[in-house]
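After this come two complexes, each holding chain A, first together with chain B and then together with chain C.
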Partner chain A sequence: MANIAIQRIKREFKEVIKSDEAQKCAINVELVGDDYRELKGEIAGPPDTPYEGATFHLEIKVPETYPFNPPKVKFLTKIWHPNISSVTGAICLDILKDQWAAAMTLRTVLLSLQALLAAAEPDDPQDAVVARQFKENHSLFLETAQYWSHVHAGASRGNSEFANKVKCLMDMGVGEHQALVALSSCNWDMERAIEQLFS
Partner chain B sequence: MGFDVTRFQGEVDEELLCPICSEVLEDPLQAPSCEHAFCGGCINEWLSRQQTCPVDRQTITSSQLKSVPRILRSLLSKLYISCDNKPHGCTSVVKLDLLSSHLEECEFNPKRPVPCEQGCGLVVPKDELKDHNCLRELRSLIQNHSGKIAELQQELAENKYQLNEQKREIQLLKDFMRAMRISNPQMRAIADQMEQDEVVRWASSLARARVTRWGGMISTPDAMLQAVIRRALSESGCPPHIIDQLMENAHERRWPPGLSTLETRQMNRRHYESYVCKRVPGKQAVAVMACDNRHMNDDMLLDPGSSSKGGQDKELMLKSHITSRITGVATLLAKHDITSCLKCKCNGSVIEALKE
Partner chain C sequence: MSDEEMDFSDDDYDAYYGGEFDGDVDHVDPLKNDPEYMDVAFLIDTEVERLLNESVEELSNSIQVTPSLAKMLLHMSNWNLPEVVARYRQDSHKLLTSVHIKPPQPPPQNVFQDGEVTFCPVCLAPMSPDNASHLTCGHTFCKDCWSMHFEVQIMQGMSVGIECMGNNCQVSAPEDFVLGLLNRPQLKEKYQQYAFADYVRSHPQLRFCPGPNCNIVVQAKECQAKRVICVNCKTQFCYKCGSDYHAPTDCETIRKWLTKCADDSETANYISAHTKDCPKCHICIEKNGGCNHMQCYNCKNDFCWMCLGCWKAHGSEYYECSRYKENPNIAHESAHAQAREALKKYLHYYERWENHSKSLKLEEETLAKIRERIQEKVMAGTGTWIDWQYLLDAAALLAKCRYTLQNTYPFAYYLEAGPRKDLFEYQQAQLEAEIENLSWKIERAEMTDRGELENQMDIVEKRRSTLLSDFLQV
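Entry: the complex of A and B
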């Protein structure tokens, strides 16, 4: 890896670890392997959002040409958000694409992602199903996002109604995550979810 | 790419770091309006991908970058940095602005060129000295050279071949032109005019010279002298068709009637000054061209056609000749061929080039 990329990542790694946000457990970063090519990021769901109390893990891949090109970041933790694919974890965020600037760091990227959780952009979606729900049935979106945070990211508050519906589908032999995706995509309408799963 | 922060003594202020490489600014440049500073190398690399300021994304281009303020430069120059060759044993810590001059003479530089002392005389980087083998190096040098020589020889052979081809072609063309000239009077006139124009162009390209002692002129230049002057004429761009004539006319037997005998020379002495002479570049010789000397009496010029040798040259209107050669000016001696100067009879300055 180019010297400049390693130098930068080493510094930025320390910067994140020593930052105030890390002290408050809002962001964190760990090394994967020892060559600074790949890191694991962690962001806490922001307060007053359906992601509150949850912790999301991120895969951060540092390209050879860093910092002239942005790091490649995706969510490892499943999340229900208009700008993040519920399937792959791919993120739609301008600064990770054409609006990247060389002076940005791991810390600013992690904080930007946290900000994205608090302020979604449904008009520039990565996941069209989530974005439609966000716009057409916002309260259900909030509940769904919160339930996903509970199931996948350790948020404490659950939802017994949703849990029952998932269990119901699981009893029919459907996998837990598969059931969750089907129900979330169908606005928690059992019949439509069953139709989608079994047709 | 800047300087590694860990190479500096003490803490380095954040303001002196490049936002791109996060190291201490090297050859810094700043953005025009937002004034963010970066290493020159870093910002140009970034701008080759995206024309924005890496900090605030304002649009900027390479040509808009300015040098950073004096205060920033002087803050940088005051930092103390360890030498690049620290891993090789250099313990120097120098001010940043003196680093480059230190590096030039740092004896710990593994790439510092040192002469081999085992006899081959080659200069090799210090770190390669221990694996250095004079025989091997010299052998590869010889191989290299013989390769080059072979290449050059081949090139030479090719050039010779081409030269011959071209000579042949030129001869053909000459024959053709001669045939045209003889068969067609109009063509003859045009060709003569072209040749004459060429002579005038060449004559006017030469610097004027003044002969201060006409008595010092060599009236019977020997073959060696002639060869030297012939070469100088050719190099000065003299039209080839008059070179032979010019050389012929340099000898007193071909001088114009007014100069042909001691008596006539004595008589015409006072007219010498009126000659317009041209310096033969680099040589102590002048050319007196008929085209420059229409104002002279006829007997001071060569009659038209008198210089001809054969039938086809009879029509040449040239009245030109070389009248001179050589000076003994002491200061000029070194520049010239001493043997030819000793042969000459001159003992004072003959020609003085006029710089016009």
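Entry: the complex of A and C
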């Protein structure tokens, strides 16, 4: 890997670990392997959002041309958010694409992602199904995102109604995550979810 | 001719044709009467550069900025020179901010303080004022990082509008700044190439020829959906949308039609097979020429390839097989029947569109056959090569007319039923009938048929230009 890239990543790694945000456990970063090509990021769900109390893990790949090209980042933890694919974890965020600037750092990326969780951009969606629910049935979106945070990312507050519906589908032989996806994308309408799963 | 007749002076000529008689006759350039005519110039890269540089120089002189900045200003303002000058005089700061030459806020203090070591924020190495650089925004980085940044951006196809490396900074780097910091000559060249392409694309009067590997730039004062034939590669395209020429259909409709065809072609292909049976003797016939007037080699029955009807009924008055007859009671039918009717309607137009496209290809082969035939005839002493030239002209005209005819089908498909559509389909039918007539005559022409053929050519071209002048909207 190019010299600049390694220098930068080493510095930024320290910057994140020593930052105020890391002290408050809001962001964190770990090495994967020992060559600084791949890192694992962590962000806490921001307060007063359906992601509060949850921790999200990120895959960060550092390209050869870093910092002149942005790092490749995606969510490893499943999340229900208009700008993040509920299937692949791919992120739609301008600074990870054309708005990247070489002076940005890992810390700014992690903080921007956290800000994205607090302020979604439903008009520029990565996941069209989630974005539609966000716009058309916002209260249901909040509950769904909250439930995903509980199931996948360790947030404490659950939802017994949703849990029962998922269990009901699981009793029919559907996998847990598959049931969650079907119900979430059908606005928790049992009949439509069943139709989607079995047609 | 007698001497008397020959002997009229220039005065007579002027008295008859000149001055006061002008009002009676339309002395307009015939090319401008042509509904497809468009005034264009074909430029090579050095000519384009000269054209662009003229504007750049004019702007840089009138508002006293560097040519590099003037170029950026023009590029960001669609090369509208008077507007740039006016906006600059009105509020230069607002203009320069809006085109990302200046930052919205004034730049921060100099990053270099006496006695302190300054680090490049990108590579984190120490830097001195000598090996550092910044744009108007004051974000300072070492020259190596700038160079690397430009290299990465250029490799991704960027040129004009490469931005500063600062956080959320949208200030763009002007040409001289980039070229001054790039080290490798190949990269400089690449940057200039890309920038040139960007300038042409942002210029409302310029278009690249869409032909493969063609570097010609077409210049026109007005952007019209008209035909341009590149002088260099002979590619025929619509000036407005840059795709294949499509009169009388407009740019948006043809795009809709082509998308539809791409989606529905499976069904259409399935239904329209490449062969048909003779309606009389039912022998299987493969179409091997462009003409839709078929003669069965088996039973000598003359019929129309499109409707399989008797060709005799296709006199110019009764040629109706280009017209789609809509079922008048369709509104009362079930949804299923409506869907079937919609498909039937689409297939009607699609089959004809496809058929003429095939005919065009087959007529290319016919052209090769005509050349062979001319060769044979000339060798056998039947006329000279010059005597047979008219056949090649006829074939060229046939291709041109059939091309227009093909493009009338998407137009008709999207045209709402009514008197305008009736008129269009009438003219279309007329054109189609004459084209088939011409095609038939060309395939069988002898030297003695020249007069008749030329007459037919005239008729076809008149039909075509009438249809275009009535329906071509640009």
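The criterion applied here is as follows: the second predicted complex is superposed on the first by the 199 of 199 C-alpha atoms of A that agree within 3 Å, B and C clash if a C-alpha of one lies under 4 Å from a C-alpha of the other, contacts with A are read in each partner's own complex, and residues count from 1 in each chain.
Here is the rule we go by: a contact is a pair of C-beta atoms (placed from the backbone, for glycine too) under 8 Å apart; a residue touches a chain by one contact, two chains touch by 3 or more.
Only a predicted model underlies this, so the values are computations on that prediction, with no experimental measurement involved.
Superposition of the two complexes onto chain A shows a clash between chain B and chain C.
When the two complexes are overlaid on their common chain A, residue A:T108 makes contact with chain C while staying clear of chain B.
After overlaying the two complexes on the shared chain, residue contacts for A:R8 are found with chain B and with chain C alike.
Across the options 26-34, 134-142 or 332-340, chain B meets chain C in a clash only at 26-34, per the superposition defined above.
Across the two superposed structures, the residue set of chain A contacted by chain B and also by chain C is 4, 7-8, 11, 67-69, 99, 101-103.
Chain A meets chain B in the complex at residues 3-4, 7-8, 11-12, 67-69, 99-103. Residues 4, 7-8, 11, 65, 67-69, 99, 101-104, 108 of chain A are the ones touching chain C in the complex.
Put simply, chain B touches chain A in their complex at residues 1, 4, 19-23, 36, 42, 45-46, 49-50, 52-57.
Those residues of chain C lying in contact with chain A across their complex are 121-125, 139, 141, 145, 148-149, 151-153, 163-169.
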